[in-house]
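Down below are the structures I want you to see.
Shared between the two complexes below is chain A, which has chain B as its partner in the first and chain C in the second.
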Partner chain A sequence: MPPLLPIDLLLIAVAAWLLIGLAGLAAPGNLRYISKRLFPLGALVGLALGATALNFLGSGPQVAVLAIGLPDLPFHLRLDNLTAVFALLLGFASAGISVYAAGYFRKGQGTAPGLLCLEYHFFLASMLMVLMADDAYAFMVAWESMALSSFFLVTTDHKHAEIRSAGYLYLLIAHVGAIAILLSFGVMTSGTGDYSFANMREQHLSPFWASSAYLLALLGFGAKAGLVPVHVWLPEAHPAAPSPVSALMSGVMLKTAIYGLMRVSFDLLGSQPLWWWGVVAMAVGLVTALFGVLYSTVQSDMKRLLAYSSIENIGLLAVGIGLALLFRSYKMPVLAALALTAVLYHCLAHAGFKSLLFLCTGSVLHATKERSLGKLGGLIHPMPWVAWLALVGVIASTGLPPLSGFVSEWLLLQAFLFSPGLPHSWLNMVVPVSAAVVALVAALAGFAMVKFFGIIFLGQAREEALKDAHDAGPWERVGLVWLAGLSLALGVLPSTIISLIDAATRQLLGTGLADRMKENGWWMLAPISPERASYQPLIFLAVITASLLLGRQLVRRLYHGRVRRSPAWDCGYVFQGPRAQDTAEGFSQPIRRIFETLFRMQSHIPTIRDERPYYSVKVEDHFWHWLYLPLARLVTAFSHLVARLQGGRIAIYLLYSFVTLIFLLLVARP
Partner chain B sequence: MNIFGLVGQIFAIALALFLAPLLTGWVNQCRAWFQNRSAPPLMQPYYTLHKLFLKDVVLAHGASPLFRFAPFVVFGCMILACAIVPTLSTDLPFAPAADMLALVGVFGLARIFISLAAMDIGTSFGSLGGRREMLVGFLAEPALLMVIFTTALICQSTSVATIVETLAHRDFIIYPSLAFAGIAFSFVSLAENARVPVDNPATHLELTMIHEAMILEYSGRHLALVEWAASLKLYAYSCLGLALFMPWGIASGASILGLAAALPILMAKLAVGGFLLAGIESVNAKLRIFRAPEFLGTAFLLAVLGLLVRLLLETRV
Partner chain C sequence: MTASIPLSAQLINLFASVILLLAFAMLAQRRMLPLINLFAYQGLALCMSTLVVAVTTGQHHLYWSAGLTLLLKALLLPWILHRLVRKLHVRFDVESLINIPTTMLVGIVLVMVSFNVALPISQLSSTVSRGTLGIALATVMLAFLMMITRTKAIPQVVGFLAMENGLFLAATSATYGMPMVVELGIALDVLVGAIILGVFFFQIRDQFDSLDIRHMEKLKDG
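Then we have the complex of A and B:
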């Protein structure tokens, strides 16, 4: 028997997930069997998958042909370094999420646990198949399976009407995206009828067709990733889904769309890049990032806040991809590698911290039955585990040192710093200035995250019942600690991780950063040269920790460590109930005021004459009113026109047939 | 890295710890003169710190561990910032740990922790201060980044030590871009350090406070650390501004003579800077909080102008 290749191991992982899913059907009502046996098993598969991918990185591509599907149309599969990076992400992130899920699912109103287990593992398997697909047919089958299984997962609590409509919106936009992707693949085959990716790589398309394929791919994958203006499903579907599913969708599934965009724009269309592709991706990305972060700051539902924050991160990824495309089209491969490394790194970082944060909201939701920020508060006291681990996620997602988000944002800004070298007369001025938008987005993300953490976990409990909230269970804690550990590792070991993912950059661009970084030592991140820019997270962490501990010891030694407890001071203000704190709406008031025109707001502000004063503000997405509702009205109007044809009487339909026949006879006369 | 460099590094940190309250005291003294008040002693901040360290910590009932932990984190962040910014010499072993962008990250980390601590007790003023601090933060950060970009483009580096080294030891050329960047940087510094016209360090009028509102619940050693960290931040920003826009006199290698010459120059520059800061604070009124975006928007435009001047006019310099 020949030794098992890594690609075989990946296929075994797919099969194992499918089997675990099917095993759930054996006893669909037995929650204990499903959550305490099958989900941990799925986590082990994820761990093994991550380890395999990690081990594979740096090797040459492997292919396999799987004779399933239509008779003459087998699945072509391929494992290369780009696939391996995303498989690593899928494996390690899903391991944490699955362990958490083992402790999360309860007996509920919605889908039976066995069915849920099947959908969940089918979703995982189809994501892995998306990454491995090497022809358009396999890709689309896997892509659609992913969309369908996640649709069923989103609508787990299908008894609620709003969850059903969120799922429906998701399905609709997923299919608009799928059509665009299919068309893009169709353009790339350029009529040869061979849908394998190998064939697409060899086609030399004219600039027009290449650009069409690129734009279609941007639309299609953008619909899955949540780029503006096809982002509207994301803030609806993420809150509707159970938290492990939200974590999986936000942390992993959005990345498969980024994977697809990278596969198309760097690999399949790699031979003839045009400079404006990068500009389009950057512009869309900047708009998306700014839009996402602004809307995330004004949300009062914790999962919607995170969903908009995911939109922001996807925007940053698109900016990075755009920058890499731009550098590559001007034959600056090292700088393109820098931008692309930032993208890959941010994919990994976002998978870690956003899954972590979504899972934390899951624990909060279980403990309090409450998603609205206005009814939470003070949870750091009853739920210390969740609170401190959420703080790790918050700092990572704010892009602050020494955790994971900072490394990728740092790399992205370093790439921006080289953009004045672009040989284009106005791009070399507009692009550096647009880095300010990235800085604004990062700082606003800090605002949103302080709001998220501060309102949920700090302050006084806004409701009486919150004091009895329970902390996360042991399974949940393991999952959270694992993901927080990933965020920390990505934060403090950037050079090691970049030397791993460098294989993917080299595959796509022909050059990487690792060779330049080798002589600097593993503790130092200096992508171009140490004189140019460097960052050493470990020293960073060590200095802060040392001065923290030393300061504490010295103060206690030289002075004392006495503490007295008393009521809060608050300038002597007497009424210090939980109602005196900032609400979620109050906290984001400065943003609503400064960026007033960017929101569609309906607010009611009480006057002194009101008998029953109340305050309300409703923030809506402009895109609904500018784009989607007109589109929906158009479709409805058109359907009404069509509906007029339906008289409901057989004589009328016979008349139609008769008229059509006459018409065809007139037209088709020889 | 040699042993001398390490000693120089530790000396720089110790100097920062010592000089920072002195700078605050000097600014307070100058401001009192400007306002025709009798001035507090120069050493007043030390007396205050000592008094605060001696006092018991009075902790509110609802305080979580985060509240007690945050002053130490903020203090640690400021020490790191002071370790990276070149004050006397550019030969700093810790300098490669963080470049200018990471320096912004250090200040960001401190800001997040102090804002979260402000929200921890759950009082009305605390969360008010926290959200205003974050507001000033996100308004200032784009302008600061554009300033960093301008200097980084001139020096082809984001490492603080390299930038200062390049700017200090070049032939005397006037960069118009640096002038714009310098003005933008001083606007940002005023906002980031909670000075007039964005905030008022002397205020105790509840509704106008930003920084003071956040630290209302702190007392004893925690308050001492927060106050010390605030003066370290002012010191770090002043030294960064001096190092970027008036770098003359900073020693490049590590030699006793160089350090001995650099110290009086630094103190003289800080004294002038502190005097000017007190002047600015005395002749300006505090802005309404919703005028702060205009103030920092001006800073951003100036910084962008600096960057464009650099890209348009100075590419061959």
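Then we have the complex of A and C:
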């Protein structure tokens, strides 16, 4: 028996996930068996997958043919370094999420646990198949299975009408995207009829067709990733889904779209890059990032806030891809490698911290039954585990050292700083502006995260019931600690990790950063040269930890050293309570005013004559009113025209057949 | 000129024209029971024409066809329809969407179209009865027209059955009938169709207190 290749191991992982899912159907109602046996097994498979992918990185590509599907049309599969990076992400992130899910699902939540288990593991397996597909047929089958299984996961709680409509919106946009992707593949075969990726790499398309394929892929994968303007499903579907599912969708599934975009633009269309492709991706990415972060700052629902923050991160990834495309088309491979490394790194980082944050909202939701920020507060006291682990996620998400988000955003900004080398004066003027926008986005993301953490965990409980909130259970803690550990590892070991993902950049661009970094030692990150910029995460970590401890000791020693709890705002006002704290709406008020034109707001401001004064503000998406509603109206109007044919009258239907018959008889005369 | 046409062909043409005449009569008939009787006569004429073809050509299975036609279309189906009409108490006049004279005019146009269309096909055919192909097509068209213009459910079924008569005529005239198995199958289909529609009549009447199919427009959504 030949030794098992890594690609075989990956296929075994797919099969194992499918089997675990089917095993869930054996006892669909037995929650204990499903959550305490099957989900941890799924997590082990994820861990094994991550380890296999980690082990594989740096090896040459492997291919396999799987004789399932249509006759004469088998699945072509391929494992290369780009796939391995994303399989690593899928494996390690899903391991944490599955362990968490083992403690999360409760009885009486819509879909039966067994069915949920099937959908969940089917979702994981189809994501892995997407990454491994090496022909358009296998890719689309896996892609659609992924969309369908995640649709059913989103609508787990299908008894609520708004959840069903969120699921419908998601499915609709997923299908628009899938059509665009299919068309893109069709263009890339350039009429040869061979849909394997190997054939697409061989084709030399004219600039027009190559650009069409690229733009279709950008639309199609953008619809799945959440690029503006096809982002509207994201803030609806993420709050609707159970938290582990949101974590999986945001942390992992969005990355499969990024993977697809990279596969098409760097690999399949790799031979003829045009410089403006990068500009388009950058422009879309910048708009998306700014849009996402602005909307995330004004949300009052904690999961919507995170969903918009995911849109922002996807925007940053698109900016990085655009920058890499730009550098590559001007034959600057080292800088392209820098930008691409930033993208891959940010994918890993985002998978870690965004899954962590979504899972934390899941724990909060379970403990309090409340998603609205306005009814939370002070949860750090009853829920210390969740609060401190959420803090790790929040810091990583804002891009502060020494955690993961900092490394990737720093690398991205480094790539921007080298852009004056571009031989194009117009671009040289625009790119610094883009860098400024990225910096603004990073700052606003910090604002949103301060709001997220501060309103939920700090201050005093805004409701009485919050005092009885329980902390996360043991399974949930393990999952959260694992993801927080990933964020920390990504933060403090950047050189090691970059030398691992270097294999993928090398595969796509022919060059990487690792050679340059070897001479600097593992503790120091200096992507181009230590003279220009370098970062020593461990020193940062040591300094921050030392100063924190020192500050704490100083406060203890020099100040009175006791913990006092007293009213926070005691200026003689009699009726004060926890409600006097700054609210979620109040906190983001400045942003809402500054960027007023970018939001569509409906607010109610009380007058002095109101019997029951209240303040409310509803922030809506402009795209919804400018793009989607007119489109929907157009479709409805057109459908009404078609519906006229369907009069519901038998005589009319008979007349149709009659006229058709006579017409055909007259037309088809010999 | 007349002498050159054999007697059998003349007979077949005679019966075919009787069928066409009956189709027009059905189109013009407003009352329910006479309509069913006309349908029975049409079945009888069809049976006779098939019999003539059978005698002339000596094709054995055509005797069977003729017998089946007589049994089913001249006796059994009219009897079922009679029973239905009695049970449902729907002896009243048939309403039509378009008035009768207009329908007749449209029918004449249809007959001309059918003959025009059937002419090149019947020239290809070498059978004794090829001249009736145009008549058969016209019968189908007229039955179809009846289905379109009537608002009550029973005339629609009669139209449907009459259409099948036309098809059968076309089959015998162009190709000496279909294979026995096909014919048996069709006969059974027609019978089952009539029975199912009979069941539907009761359902429709229970639902809408009437057999007027215009009520069914309410069934569409929105």
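In this section, the second predicted complex is superposed on the first by the 624 of 670 C-alpha atoms of A that agree within 3 Å, B and C clash if a C-alpha of one lies under 4 Å from a C-alpha of the other, contacts with A are read in each partner's own complex, and residues count from 1 in each chain.
Heads up, the rule we're going with is that contacts are C-beta pairs under 8 Å (C-beta built on N, C-alpha and C of every residue); 3 or more make two chains touch, one makes a residue touch a chain.
Quick caveat, the model's predicted, so the values are computed rather than measured.
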Item to complete: Could you look at A:Leu645 and tell me whether it touches chain B, chain C, both or neither (first, second, both, neither)?
Response: neither
Fill in: First (chain B), second (chain C), both or neither touched by A:Ile608
neither
Worksheet entry | Partner chain in contact with A:Met524 - chain B first, chain C second, else both or neither | first
Practice prompt. Look at the residues of chain A and decide whether chain B or chain C touches more of them.
Written response: B
Practice prompt. Applying the touch criterion given at the start, work out whether A:Ala161 contacts chain B, chain C, both or neither, answering first, second, both or neither.
Written response: neither
Response to the item:
Shared chain A footprint, chain B vs chain C, residue numbers none
Worksheet entry | Of chain C, residues touching chain A in the complex | 97, 110, 113, 117, 120-121, 137, 141, 144-145, 147-149, 151, 156, 213-214, 216-220, 222
Worksheet entry | Contact footprint of chain A on chain B as seen in their complex | 53-54, 56-62, 64-66, 72-73, 75-77, 79-80, 83, 94, 96-99, 101-102, 105-106, 108-109, 111-112, 115-116, 119-128, 130-132, 134-135, 137-138, 140-146, 149, 152-153, 156-159, 162, 206, 216-217, 220-221, 225, 289-290, 293, 300, 304, 307-308, 311-312
Worksheet, complete the sentence: Given the complex, residues on chain A that touch chain B span 377-378, 380-381, 384, 391, 394-395, 398-401, 406, 410, 413-414, 416-417, 420, 428-429, 432-433, 435-437, 439-440, 442-444, 446-447, 449-451, 453-455, 458-460, 524, 526, 530-536, 539-540, 543-548, 551-552, 555, 558-560, 562-571, 573, 576, 578, 580-582, 586-591, 593-594
Worksheet item: What residues of chain A sit close enough to touch chain C in their complex?
Response: 643, 646-651, 654-655, 657-658, 661-662, 665-666, 669-670
